[in-house]
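Chain lettering (A, B and C) follows the sequence in which the chains are written, and residue indices restart at 1 in each chain.
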Amino acid sequence: MTDTPTLFAAPPLAEQERMLEAMLFAAAAPVPLAELAARMPEGCDAPAALAGLRRRYEGRGVVLMQVGAAWAFRTAPDLGFLLQRETTETRKLSRAATETLAIIAYHQPVTRAEIEEIRGVAVSRGTVEQLLELDWVRFGRRRMTPGRPVTFVVTQAFLDHFGLESARDLPGLKELRAAGLLESRPAPDAEGPGEDEPGDDLGQSEMFGEDADAS
Amino acid sequence: MTDTPTLFAAPPLAEQERMLEAMLFAAAAPVPLAELAARMPEGCDAPAALAGLRRRYEGRGVVLMQVGAAWAFRTAPDLGFLLQRETTETRKLSRAATETLAIIAYHQPVTRAEIEEIRGVAVSRGTVEQLLELDWVRFGRRRMTPGRPVTFVVTQAFLDHFGLESARDLPGLKELRAAGLLESRPAPDAEGPGEDEPGDDLGQSEMFGEDADAS
Amino acid sequence: MHDTSFEATPPTVADRLAAEALIVDVDGFEGPLDLLLALSRSQKVDLRRISVLALAEQYLTFVDQAKALRIELAADYLVMAAWLAFLKSRLLLPPDPSDAGPSAEDMAAHLAFQLERLAAMREAAARLMARARLGQDFFARGAVEGPALIRRVRYSATLLDLMQAYARLRTRDEFRPFAFDRQNIWTMEQALDRMRGMIGFAGEWTDLASFLPEGWGGDSARRRSATAATFAAVLELARQGQCELRQSETFAPLSIRRRQ
């Protein structure tokens, strides 16, 4: 609860949980915390009510999930077998597309040249387009290097699809970073097999600082 | 629980509730009891689990409802206000509507035929309807001429919106010209009723006196 | 089969088959790095302990065999082959202290890093795709209930808009190209149109003058034109049998009524 005096007393926390429950149940897409808070009466403490609601749904058939800066109810993953009939057949992604997606997720923000350096082959136009179309990746900020190349980052829909709270929760991220495999390491020789990349350190680490604008 | 021996023991009732919860959450339409039962593992007691689930959601932001022979989650009726989002858009009045409104304001009471004569084009039904809906114009008295056409006059809401005490406060052509809103020289025959003062007795002064019986 | 004349010991049948399998499958590789990664797997060691020298030899053998089998290799495979041949020679020769460039060990280490990184990304992609996924393993709400968007449109118009609109209308004629202005003429066509709509209401004898269009009864020139046009229109309607016409004496008002 806030200390600021309001015209009406804020509803009790249990009532706030009910409100969140209704709003999140009614929506298919994750609802941003800011929107939840804005739709609740004045004086409500949305984060506290969300935490309470999340605990209430722990272990249930439906669980409350955080997706970036937004929240959504999703069925528990272990009950998928009951829901096969709801399955929407997704086109199988090509190996190039899944690898490109993984590189963007783990290295974001990442330029096309960097993706190509990691994969060792040119990124085909269709691959990136497909990922953009799925709304799993989007354009990030331009890199402040010569040519000002655009970067790619993953979206909230990506987090939602793969059940991730944030890009920090990508499986094995810590280990990969510890092994130095997420660094952009310039080739020792300009004529090496990889293109010599402007080796700035705008890796995943920087991205974590700016999560707020990443969706 | 049933008495018939099954290959596997039926899941505990709490687990059956979880299953129902997930199925009903993910369904696009109310799910018939028979279908719920058919989708659950053998030995489950769907009616009992439904009753339990319904109790669990009593008083929550979402309630389990029976719809005919089918079941569905619905947001609690008292929280409907949270599911509405109001947006107010400000749109500029169309040129046709502005002109029609101006003619009514300057010439009231005025018939549709007269508006058309001044504008030189037919007045669409939608334009007049929009002005009526905005409560800026209303029907005045019928003209006592053959056909007894209805007339239009402006309303108090119109005066309030435009900050006028009466429609007589509208500047005439001379003032418009003096204010630089008109750059051309006066036309020899442009002495419309708005120019000096309403010419005929059915002018604006009368109209404001008879507000009460006019609609 | 081409009997190739390799200087080395003749390869066993199994080796040959393995090599051919790799080559026939060359289209399945996504570039030289992918191929190198596949070759490095045969060393059966941690990618960090891989022998880049052995890998370079394997790759060069592969390219030689492809040539022997007359398989066209894309240019980037040949570029890689040239670079690996250079790297191999650098790795075999004692380091030249006068050489300012990167050491062969650095270059080899970087290649190993690239392979390890690619392998790591492959594995990450596989783990990502193996996760429980929305719409396959877990599901969103099926029946979306809202939020219902209540859109309110506020129309805005200022007094200035209103005045400008009026000014535009009243001065429109001033901007027209010159034309003979017949604004005080009511034509017979107009009168006929008007009378057709109104004659039905004239059940009783009605003065013709009351059928004049609004605003045409005052000014004498306008009244004259309107009267003449309306009279002509009434004559036409009488001829068609739609109305009757009567005048009690010369210059008396004309009355009309609907034909019963």
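Basically, a contact is a pair of C-beta atoms (placed from the backbone, for glycine too) under 8 Å apart; a residue touches a chain by one contact, two chains touch by 3 or more.
The model shown is predicted, which means the values in this text are computed figures rather than measured ones.
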item	value
Touching subunit A and also subunit B, the following chains	C
Per Cα centroids, the chain farthest from subunit A	B
Euclidean distance of C-alpha centroids - subunit A vs subunit B, Å	38
Subunit A and subunit C, separation of their C-alpha mean positions in angstrom	25
Interchain centroid distance [CA atoms averaged], subunit B/subunit C, Å	31
Sequence positions of subunit A contacting 2 or more other chains	23, 25-26, 39, 73, 75-76, 79, 83, 86
Shared interface positions of subunit C, touching two or more other chains	139-142, 145-147
Residues of subunit C touching subunit B in the complex	139-143, 145-175, 183, 197-198, 201, 210-211, 214-215
Interfacial residue positions of subunit C with respect to subunit A in the complex	30-34, 76, 79-80, 83, 101-103, 106-107, 109-111, 113-114, 116-118, 120-129, 131-142, 144-147
List of subunit B residues in touch with subunit A within their complex	17-23, 25-27, 39-40, 59-62, 73, 75-76, 79, 82-83, 85
Residue ranges of subunit A touching subunit C (in the complex, touch as defined)	23, 25-29, 39, 72-77, 79-80, 83, 86-88, 90, 93, 95-96, 98-99, 101-103, 105-106, 117-121, 160-163, 170-172, 176, 179-181, 185, 187-189, 191-194
